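So, here come the structures, one by one.
Below are two complexes that have chain A in common, paired first with chain B and then with chain C.
Up next is the complex of A and B:
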C-alpha cells in the first residue's frame, strides 16, 4: 500500500491525487496504466469517501461506470470494485478512478451508493445476487439475474449448485 | 445473508382509486420488448403509473463460464452477449486481455478492427432502425433494413466465415487478413447504403405520424442521464457530446476525422436522429480507413503460453453505448474474473423515469429507442 511519490503523474491527475490525499491522508493511491487512479478504501470509510469524490468541486466524479466484485477466496476476502469517470471533453477532466473495498467473506456489508449515483441500483443488485454482498441502504436489494427463490451466490468460488438432482428419465 | 422474499410487486399509488389500477405484464414474451424482457406495469387505463423491469430470462452464466475457459476460448462467448454487435463485444474483451498480457497489436490489425467495428455499427443500427419502425407500425422499413443487412452479412461471411457471430478478433489482432476484393465489396456497399439512407429518411424522418409518436416521448434530462450512467446514443440524445471513440480513444480512432452527433431534447426522436447520423459517420470512418490502411501482419506476437496478470477495465463504444470489460488475471491462462459491463443493463433503469405518465403504446417506442439487446443485459 505505498504511495508512488516519485512517479511523474499526468497533469490532469495530480490535482485529483492531491485533493484525495488532503482529505484522506492515509489513503493508498496508485497510478495505473491508461490514466486510471486506483484507490483502496475501508468499508467504514466508504460513505464519506464516495460523497467527497462526488461533491467536492475539484473532483466531481459524476459518472459511475460499474460496480462489481471479485472473490479472492485464497485471501479470504470479497473485493467490491467501483469504476468512476468524469464527463467532459477537455483533457483536464479525463481522470478515471478505480475504488476497491475489501470485505470479509462471511459477512460482506458495505454502504450503498444509490443515493449518490442512482445508476448503482442495478449494479449493486447484481453484486448481491452473484456474491452475497449486502448493500446497506439500498432501496430494493433483491436478486436480479437469478430466480427469486435461488439459493446461493453463483459467482463465489466455493459455490455449489444446491438444486436436488433429478432422476434421469430414460425411454 | 438475508434472502428477501419475492418482492416483485409494484406498490399501489395512493392517489389513484384502486379499482382503476391494473397490473399488467409486458413480456417476457412480447413482440415489442426486443427479447425476453419483462416489465411489470401498473396502469390506469392505458397510462403507465409505475414500471419495474424484471430481467434474467436470458442469463447464460457468461461470467462464471469465462472463469473456466482459456483466454482465447472466451471470445465466442463474448460474441453472444451483445449478439447484434458481436465485434465490439469481442473488442472490449480482447483489448483487456492484450493489456494484461502486454501484447501489441500491429497497425494493420487495428485498422481492420476499426473497419469491421464500424461495419458492425452499421449492421446493428440497420436492425435497430428496422425493428424500431416495425414496432411503431411502419413495416416497410423493416424489410428494407434487412435487405441492406444481407449485403453486409455477405461481406462478413466472406471475411470471417460467419454472418452474425464472428469469433474474428484474437488477442493480438484478428483471425485472418482482409480477402482479395474486400475493398471493392465494401465501397460498393457504402455507395449503396448512402442511396438507401436517403430512402429511409424519406420514410420516417419528417413523417408526421412518426414525429407525433416520438417527439416529446420518453424525455430525460442531461442530469438524469449522467446520474443513471447512460452512454451511447441515449446519453448523446440528451445533448452530452460523449463518445468513447473521441473522449477516451482506443485503437486507432484518433487518426480518423468524424463528428459526434448529439441530440437536443432527450426524447425518443432525438435518440433516433443521433443514430441516423451515426450511419453517416461510420461510413466516413470506413472510407478513411480503407484508403489509409497499411500493410503488414494482422496478428501480433502472442506468447504461446498466455498468462494474465493484474486487472484492467477496458471501454469500447458499441452501438448501444459503453461496453466495459473488467478482467482479472491470476497468472494462469484462464481469467480469474471476467465482468462484462453492459450498457443496456444500465439503460433499463432509465425506463421508469422515461415511461411513467406515458401510454403503453409509448412504452413500445421508448424501449425501441434504447435499443435493448437482452443477451448483453443478462449475459
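Up next is the complex of A and C:
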C-alpha cells in the first residue's frame, strides 16, 4: 500500500490501518466501497489476529456481525469471511472490517472465535453445517439447520443431493 | 338429512346414522393450531373475524389430540417433516389434512431444493389441496367446503356433484 493511497483514506480508518500494520507488517489491507477495510489473514495467524483486534484499545472491534463462507471450487479453496464493527466509538467513526481467511477445500480447519466473540457460536455452526468448515475449539460444533443425520454440506458447489426419493402417501 | 316417507312430524327427521355422524363431523372441524410458514398468516386471517371460520363450527385447538383437521400452511422441510408426521399420528381418527399453498402441495417455489420435502403428501395423506402462494382466505374456505363435501360422502354412495 503506497503512501498516496493511504492519505486518501477516511480519517477515522487511518488509525485502524496503522494499528494493524504496526503488529502485522505483512498484512494486505484494502479499502472497499462504503469504507469497509478488507484484510486477508492466514489460518495459523488468525487466533493472534482476532485477539489483537478485539483487545487492542485503538482497535476494539467488539461486534462480530457475521461469519460466513464462500466456496471457490475452481481455486480449490474455501474462504471464511468475518464481518466486524465497533460500537464503542462515535457513529461516524465506526470502523468496519472484513477479515477473509483462505482454507484448503479438502481439509478446511480454522480456529474458532467463540472465546473472543460468543456470538460466533451459532454462526460457526451454520458455516460448519453448510460448508463443512471445522472450527477448532468450538464448544458445540453440531449441525444447526440440517438434520443431524444429513449427508454432505449443501452450500458446497459440488454438493449432490443423496436423499432417498419420497413417494406419495395415501390413506 | 333426508326426509323419507310419512307426513312431516314437527321436529322429527329420519336419516341414517352414517349421515348423522358425517353431518356432525363436518360441522365441527376443529383444526390444529399449527403454522409452519407464511401461509399460516392467511390461515389466521381466515380464522379471525373478517372471514370467520367459527361459522363453520371450526375453532382451533392447541393440541393434536383434540383436533380433527390439520391444515399444513407452509413449506415442509426435512427437519419439520418428522414433526408433522408425529403431530399427525397424535391426532385421533377420524382426521383430515388440507395442504395449503404451493409449498405444501409440491414444494412450490422451493421444489427440488435441498432440505425441502416436495409436498406434505410425501409424509402424510392429504385430503384437499388448496393452491396459491399464499391462498387467499376465500380459497382456504373453499377448500374447507370441499372437505365438508368429502366428509358427507364418507361411507355412503352419493353421486358427485355435477360439474360446470
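Rule of thumb we're sticking to: the second predicted complex is superposed on the first by the 152 of 171 C-alpha atoms of A that agree within 3 Å, B and C clash if a C-alpha of one lies under 4 Å from a C-alpha of the other, contacts with A are read in each partner's own complex, and residues count from 1 in each chain.
Throughout what follows, a contact is a pair of C-beta atoms (placed from the backbone, for glycine too) under 8 Å apart; a residue touches a chain by one contact, two chains touch by 3 or more.
Source: prediction; values computed, not measured.
Colleague: Just chain B (first), just chain C (second), both, or neither: which does A:154 touch?
Modeller: In the superposition, A:154 contacts both chain B and chain C.
Colleague: Name the contact category of A:169: first (chain B only), second (chain C only), both, or neither.
Modeller: second
Colleague: Considering only the touch criterion stated at the top, classify A:146 as touching first (chain B), second (chain C), both, or neither.
Modeller: Both partners, chain B and chain C.
Colleague: Indicate the residue numbers of chain A shared between its chain B interface and its chain C interface, in ascending order.
Modeller: Touching chain B in the first complex and chain C in the second, residues 145-147, 154 of chain A appear in both lists.
Colleague: Touching residues of chain A toward chain B in the complex: what are they?
Modeller: It is residues 32-34, 36, 62-66, 68, 70-71, 81, 83, 87, 89, 94, 98, 117-119, 121-123, 126, 130, 132, 134, 140-149, 151, 153-155 of chain A that touch chain B.
Colleague: Where on chain C is chain A touching in the complex?
Modeller: For chain C paired with chain A, touching residues are 78-79, 114-115, 117-119, 121-125.
Colleague: So in the complex, which bits of chain B are touching chain A?
Modeller: For this pair, the touching residues of chain B are 1-8, 55-56, 59, 61, 63-64, 99, 226-229, 240-242, 246-248, 311-313, 315, 322, 324, 326, 328, 336-337, 339, 341, 345-346, 348-349, 378-379.
Colleague: Can you name the residues of chain A that touch chain C in the complex?
Modeller: Touch list, chain A to chain C: 145-147, 150, 154, 159, 161, 163, 166-171.
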